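This structure is in structure tokens; I'll ask about it shortly.
Chains here go by letter, A, B, C and D, matching the order in which they are written, and residues are numbered from 1 within each.
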């Protein structure tokens, strides 16, 4: 696999920067208990090019240096890198091709989110932090097998009908998107946390729902006021 | 945001000391698995002034140096610091304004306590360590949206009817108070531990209640005899 | 609190050795997720004397140096040390006074064991590792308040009717004993692990019991053959 | 126990290499929360000889250096090493003797897998990652006592009827096999993760099954396409 030359200097610099960023973000997956062994991946869109930076396939998290990251085009084909790209690359690429506002995609099999996915049951919005981050229920996407466009298509179709940045792919696990790879990682962390908290709440009875108008107001404030300006 | 001058030397020294203490106490939140990402905050009352030291908004725990802490007045307005204060500052300030015995406030979304809060169900006092620390059930506060006095008011009203230093705000999460910020952090740790233990006990049947007179006697001993004099 | 002179050289050496050992064993409690904050303690009998080495009261685990440990007599009175002994010292002392074969005692509020204790329900022996270590069910001791002999008496009476080295004190938490403090710590770790595994097994149905004769044979082999001779 | 001379240079080199590898793989067991105290072991077949490298009995994970590993023959007898071999050595040896394609064996008491084993209930294949790694349900093996061939025989008989590399021995815990010790450790990690995820999914309802033809296709792709070629 020989690397293809990237002639645009801005794109070259962006790739170099995103290799560092995406490698560092992969460390958040085990640090936040979202993955075991090699089962999870983060990607970032390269600004100004139809390219993405992603984890190589089947490589453990402690070997994920910036140099180990691979660059693919939006057909999932390898453009730079010594190793085969993640087997989920086609799904990431499909999302970038169809949703120009997405700058980062994360996929894990985090335990509680995957448990909801195994029952194909959306996570109901019964926590203020869930209203903040997801603006409502976290929806379930279709069952789709790996190896063609079906995961990517299922994600894009499910995201079209929701404010949620997370989708639970049926019997499979969560995917999250965001304006940046870091935002998508944050959503993956929050998705697992709300999946776990609502699961535990439901074990001993029914959580009290939050009124839709209050969900709207919490979501609006969090997306527009929270954090540093 | 330019800093307002603090002219009293004693208050200046207290702020310097509390910046170090509150920054260090924030490290206890992830160390005790009470928070994910940036979702939790600790504050301390500044002795001799209507001021509090608190975490800036949306900043991750590993960036929380003493210098990063911010100082606010009891209307929640920034007095010292380069960053916007935690979006929960108004609730902390309301508690200090109305409860002069409170020297520290902690807010988290710790998983098991938040699960009880999602069902708006108090945690029953069925453990000796719960009698020790909380002197009875941990009560539920009202549903309140962020951004005005309603969280602070709900906390103060709920604390008025209980010996518990912890309150579960409905669909939101726990707040704890204490004579110092460290004591409030300890209560946050114990609140999550009893929320978890009683949840697990309840999953397979009904825990045996402890008689109220024994709860009183355990609480009295722990508050007055336990630890170093 | 001035130290009482220990004139016997052998006893002095044993105390010095046990201070190091007991301090190190306390680190196993948080490392094995058996305690939060300061809620747990380990003690060791001093060979050749009616003395025990134990943790001081209300001190955090990272401050537990050998020098911080305290020495008490079998009435629970402080003999050596600068700090008040653990508030559970009377219970430890009672056990040493009545059970000469016991060389170490551990008390925790580990989550799953405490959950069984809150329901006052023994843990049924449905795992080979439970037969190995405990030789049968883990029994429940009486409800007892701290501050007099009642916890110690409840422990000794419950241990008299079982092969188990662990007892779940009602609404309180587990105590374990062993020929050494290290063995008692191991039993505390195994007690929590079997409490957790059997809890999880029971959540989705009834575990299959193990025949009493097979429990006997597993226990006998493990106590007599396992490990290094 | 004096060491028996190994005269074949290739075998000697293989043993030296496997001592390092097996010692390092034992560190994965606590790192992946599969074991407490000393309860778990990894072995590797020595290529070109009827020998295996395994953990000594009752030794803690932080003392497991390459030199501490022991070498046994396929009757479970010690060939090299200063300590008694793991009490599970007979089971490992039986598997190597009867299944020439197996290069590594792992045994743990990991919590969720052991909970399924306590109910003697196979884990149903309702997750894509379970289809990937195990190709179907994870089966239950018979109840067998330690000390003779019955565990090894139960393993070999159960493995004969399944594509799964994991078997849950009744009331005991999981065993996994693989072409290498590393692959068997990976299966042990994945076995616990799917045991946990499916348990959690089942707590709130029934997971949706995956069609057998889709399980076949996922398993085939993962075994033949995933990872680096």
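Just so it is clear, contacts are C-beta pairs under 8 Å (C-beta built on N, C-alpha and C of every residue); 3 or more make two chains touch, one makes a residue touch a chain.
The model shown is predicted, which means the values in this text are computed figures rather than measured ones.
Two copies of one sequence, subunit A and subunit B, touch each other mainly through non-matching residues, since under half of the numbers at the interface are common to both. With every chain reduced to the mean of its CA atoms, the largest distance from subunit A is reached by C.
Averaged Cα coordinates give subunit B a centre that lies 46 Å from the centre of subunit D.
A straight line joining the Cα centres of subunit B and subunit C is 32 Å long.
Touching of two or more other chains is recorded for residues 203 of subunit B. By the touch criterion stated above, subunit A contacts subunit B in their complex at residues 32, 126-129, 186, 189-190, 193, 196-198, 200-201, 203-208, 210, 214, 217-218, 221, 225-229.
Across the interface of their complex, subunit D is touched by residues 36-37, 39, 56-59, 83-84, 87, 109, 111-112, 114-116, 118-121, 143, 145-147, 170-173, 199, 202-203 of subunit A.
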